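Dropping the structures in below, format is structure tokens.
Heads up, the next two complexes both have chain A, just with different partners, chain B and then chain C.
Then we have the complex of A and B:
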């Protein structure tokens, strides 16, 4: 940026755009698509309505716990809330006990209770940090021990029954479950929050509390606010966690502490404060879920959980080491856009998904399905097959065939959406230059729209000739 | 302490408030005494003791404030108001403790007896002393408070619990304190640099399982111990290198390596076995003797691990005070820029401290194997937060540069006596953990409060 005084105007534009870009998202995005591609290749059923649905059910408590952690971590002073896991467990067990006692039955009351308890705890936390002025990590350590103790008192062993409406969530047969709605609403709420001045104050305080204090930011109010938001997220995480396990569990929630910290860091947030976002946290938590998912498709038998641990640890350390090269990347690419990068990799991943769900190897298609038993002695493999083999999936069963019919339109619609996003992005970016790019973009858009038209009208590319509105039917 | 030579003079309102509170307190005691049907002599005795101790404590506390307040110019407000403003936190705290005691006495049957009243008085004395005498100690305030808390806890415990002060109980407390103490060596040294090592529990578990696995393979036990210790050092070196390169991320880096270590060791040990992570084997006798409760050191009926710990304590305290390495460590912790200017290699120290941490974690794992006689990967799990708690309660700052291993020893002992006390009064594990968590905060708050933001600018 420094060597082009002539292009000062252009540089300032770039600077403005680069300011918003977060290069720390580079690693999580890459990892996300890598794992997604691997997961889909290993198990194509992930890309079905039921597969995504159950993935959302399982991953949402972790994602929300990461959000909760993120909100307080941004506030600085090394506020890594180790007590987030026990807090989720606490809300879970009290919820189950209160429901069992017949006190909390109304869904609205349950939501209000969970969010209130989470916010109350975090409020106390922030008051202690502000007025007693003990290091936050000690407060969270104290809370960790106290809450994980009291959880076992309230509910000595896993048990109890969740409210019926919550128990139904855990089935995960469709993408559009209430859990998904909670996740989307929580994410959007945070994104809306980032538009406020309060968020700017929060980030300023997180990166430099003294500067914030001297410039008149009400740091106490901001800190309390950050903790209240964190508590609300923790309440939501506890609700989705209760929905996932459909019962009470005093110790399971505790494990969320370490995983959520891992997810947060994997998502590019800084534990020192001031940096972190909902997008990165989402990616970090999803990455952890995908790691477990991918490893679960390999059958390690008794050592499964150890391999998962090993993978967690190594990926965490490696991704941290990768952040070291970000300054070099920043020096050479001075306008890194996470969104464009995300879309670019998304298109590649879409290709992989399309391949995994729709493409069939012609050689395996001729073979009957039932003959591919794993235990048979292995015949010598042709060299060509050896290289291509691992990437190809087996012949489709009837169920997979149906799945494919269902997934085809979904995938194509997604591709269309991505293409439009790319077009919009390019159009916005190029709009202040006199180049041929807008024209190219318009042509590309026209081609895409033409493709969409062919698909919709039952042309040669239509996946399902009987029903043009297959997407709606499949829900 | 010389300032306490002359008795402090109190204002009239303060005296009146003090006497009133004291009389109310005594009256409560007397009423409860009669309600419980204790003998009259006992009631009178405890009433006098309560009143006297309270009045003395009151004068003592207020005296400290008065001597401070003399320099404050006279304001417009009335005397009662001023007194209220000055002693507000102290009075609130006192009322809170008394209210808690009252509630406990009302709710729990048989709670109100002489021993509990004496315990309350001891607690009050500790608090008063720490708030007053403590401010005369600029450097070692946390050590002073730690010793006070330790003495108070121990005396309360030996009064309330049968056999608390017996030789056997003390020996077992020291034994467990030794494990925690050895595990906390690394955490202390690393905290002095401003880092954290959360991989300690994982290395403990991995060493525990790995040692038994090696012995089970037929490796001579002494060689197996050596191998495990060397591997511990190597893991520490990796930790130190990564933590140095990723400044400020030590917490998460060591957590990551910890996950990887524990997963990796379990994979290695469970290859070829059907037990999936459980390792079986026999522990050699000398290793059991090292850490067992009935072990003996050169004929003395003391478990050798306690002596090992004592040796480590002496070496570390002396070494950190007198050797150049120890002084450089503090120099780095206080101000790394200026330490760099005097040619102290940061990287060397980070790697060295983490290597020591890995070594002692592996040592703890090996000793715990001798104690339990069976390998278990989760044996170190409780040390994840306990080592941190010991360091923090002892008074070593997690930001680096302040504290030392002597402080951590006090922290370890406080935690150990506290947990023995809680077990002694018959609390379940969950309640212990709950109270543990609640008590860490006030203990740390007694001395480790950071200054207000406006003083940091």
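Then we have the complex of A and C:
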């Protein structure tokens, strides 16, 4: 955050007109870390290999469904594809039936089938929108109703068996599951796509179709392309959904429509077109998952689902209200960097996570503490208890001292990370280059993956001091 | 092509790049282009000029390939593009009147919009960024961040983006359709410099503009259009205001309405008045008065504030500042600040933009006309049952008056032709029995017969002592129809003309800012009643004689002036307060002098009454005469 006023100042020196500010991710990012912190405090088991693994399994179909919506909504004309849920359901049930009939067995064939059906449906959708000039919302509504019915015809009740290779996807015991790979590949594919001329055309068309047409952008082709991409994402969403439930279900997929649209809006995409991206969609969908997760830790009993829907609705409305301050931000901060904000909040959230998973209750720790009690000096503790007394249940043990020793460099690294990010941000702005966000994103993603690798079950850090408390508590 | 031989004989510099032969383009009944011929050569700046609605923008669209023609041939660089992509491919760049910018995208993407192939970029991103920064610096005169989101930029810079977009492809033909509209003086200079350098490189530049002063400076040749036809081509040395205006107005005077005499108000009672009104920011405030029984014509080039003025008069959109008041039947003034005030004060508004602020496309003809009367014509107290029979009567009356041709009154309004739809809307305006009717270019797109009917109807309406404020983009409409014509320019009245001696040429000159604006002060100017105190008294006396306000004759001049000042001030005090005063005094009046009817001018006497002594003296004096 600290870079923003600094950059605004620089901007006034340079007297360049215009702002690069894209503050629409401000609300989703803030909400993401708020919910993440809350979720970890309520249930530290989320931050274990199994916890994250199952979170990914459950959230991925929603995230991919949101991607599918995002791809078509960018193209403008208010193309919010309401039929995304039934489409996922359709691919799911046909896949199960075809597999049951022994036609589709090869994993590659299954992937190809899912993506092809999704793309085909979206292709027909785009043709209707372009040539018959029906409002996209009408087409998608008809698709919703038609597919919901067809799904029940194909598979009247939940059942069937998912292909063998998918069967163990739904267990979610490890972070590095195939579902995770699909999510990463889909996200990277979109990020690569954003570097193409086609993506530029897509955004221009979504933002102002008339301007794009009169400038010679082939708008029909671009619109069809957007729908094909959307269909491919829908196919992947259906695959992960099948992996999640390991069977066929004609009606479960339908519920994705409303959540995915909510996630899309929550992620800062513009339903009018021209704005949207995987980062925002990912955050929007993750936020919805985290809301469900947090609410699940409270026990509402029979009214659980009502409370969840209430929370979805109210958080959506609140976040839309918060976007009212965006014009204000745009006026004063010319160069808001969502990524930097993300890293800044991420460091804070990491602190919360470490606290929640390691310092929650020293009495539950299994590490032997008896031999170190003797060595504990008295005087410094008293001083520290002045600070930590109200928060800490027990005085720090030697092991905690050791942890603290280890944490010192970590804190330094975190501060350094923020400082470097701020510095790089300013440097990039000064050098008149667009952004190095992809490079930073790759580095950050690599770090996160490395961390996940370290804490995964069986990794070098897993059995000893870092994770055992969390895994134990989850049992 | 017969012109091929001609082309060959010419030098490269003078080669004809645009050849338009006998092109026709119709929009429904409107003939936007009616057999226009036009040629432009390489290496020249060619201006296309004309009044409002003469087809110059249509012409630009035809040449740039986004409008298919209904007849004739278009040959641009010996090809006939039919889509923007095709015209771009053969080297035509167009800057449209609208500022077409994708707000969510960056400046660099906006400028290079359409320059890339579908999947591959035409040049590297670094190159684009550098070019953008350089171009925007050169054009806008200030650095613009190439990665800025276009939506965060002010309008002037967005206009530059559209111009820069046309320039990056190094066009062989550049079409600028009113492109300097959003630019200030310095920016226009920079644009001209750029245009000259392009011309010297052999580019054909077509400018469509109504800013005469600018085009005289910049253009090498000019084609003048009138009513969808080309009426003359002027070479560089011939391009003068006089020649242009002569061609634009034309010499012949046609029109059926000529035989009519413009209605004149019978007295000087005011229907509306405005004080310190502004409709645009940072313009000088002006006052105006509208008498009962007159038709005030409002003219001006497109977007010079006349539209905002008529909307302010009708209460549709409040004026930026100032007070607009309407007089009721008792001569009391009520402020018009919003639509509710206007409806209360019996002002109705008819828009020429039927689609956007006129018809309810999915409803019947009948409903479209009587819609505003639902609340007024109701029965059954709180139940508010709509009184259909009464509404049916009103509908029949208005439909007969306006000669609306329709099948069943339950048919959808979209089943009617544009002219008949407009008549329904005008009927809606009349059905409310207004005192003042404000028409915003109502004759747009309706045929001559319907126009004649409309004029006749409005003239009858005015002769009943009602007022008409009529904005039109066609000057011919005002001849023999408007009592006076006020010309707007740059957001305020620029000049005014007497309807009896209306010369369209003079009005057109005023629209282009070529007159001295002296008409505003005259007795057909902005304030025909109070504004011309110094002019010989016959005008004023003639009117006041019928009015029966003998007070003005009797009172010494200094007192009268004080009285008028007071009146003006009194109009500003809240209506309730004034109503109270008026009522009490009118009671007194009926007791003392039952013979005298309650005149619209009674308020003046009332106000006078507050200065006890004089009032008592004067009234017997007035009655004794």
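Definition applied: the second predicted complex is superposed on the first by the 339 of 475 C-alpha atoms of A that agree within 3 Å, B and C clash if a C-alpha of one lies under 4 Å from a C-alpha of the other, contacts with A are read in each partner's own complex, and residues count from 1 in each chain.
Everything below uses one rule, namely that a residue touches a chain if its C-beta (ideal position, glycine included) is under 8 Å from a C-beta of that chain, and two chains touch if they have at least 3 such contacts.
Computed from a predicted model, the values in this text were never measured in an experiment.
More residues of chain A lie in touch with B than with the remaining chain of the pair chain B and chain C. Residue contacts after overlaying the shared chain place A:145 against chain B, while chain C stays out of touching range. In the superposed model, A:210 lies in contact with both chain B and chain C. When both complexes are overlaid on chain A, the residue A:111 reaches neither chain B nor chain C. Of the two partner chains, chain B is the only one touched by A:310; chain C is not. Shared-chain residue A:221: touches chain C; no touch with chain B. By the touch criterion stated above, A:123 is placed in contact with neither chain B nor chain C.
By the touch criterion stated above, A:193 is placed in contact with neither chain B nor chain C.
Shared-chain residue A:134: touches chain B; no touch with chain C. Across the two superposed structures, the residue set of chain A contacted by chain B and also by chain C is 210, 213-214, 270. Those residues of chain A that touch chain B in the complex are listed here as 80, 82, 128, 132-135, 137-139, 141-153, 156, 209-210, 213-214, 219, 258, 261-262, 265, 270-272, 301-303, 306-314, 316-317, 320-321, 323-324.
Those residues of chain A that touch chain C in the shared complex are 11, 14-22, 196-198, 200-201, 203-208, 210-218, 221-222, 270, 273-275, 330, 432-435. Every residue of chain B that touches chain A in the complex is listed here, in rising order: 242, 245-246, 248-249, 251-253, 255-264, 266-267, 270-271, 274-277, 385, 388-389, 392, 398-399, 428-438, 440-441, 444-445, 448-454, 456-457. Per the touch definition, chain C reaches chain A in the complex via residues 66, 83-85, 87-89, 94, 96, 98, 100-107, 109-110, 113-114, 116-121, 125, 129, 133, 140, 142-150, 152-154, 157, 165.
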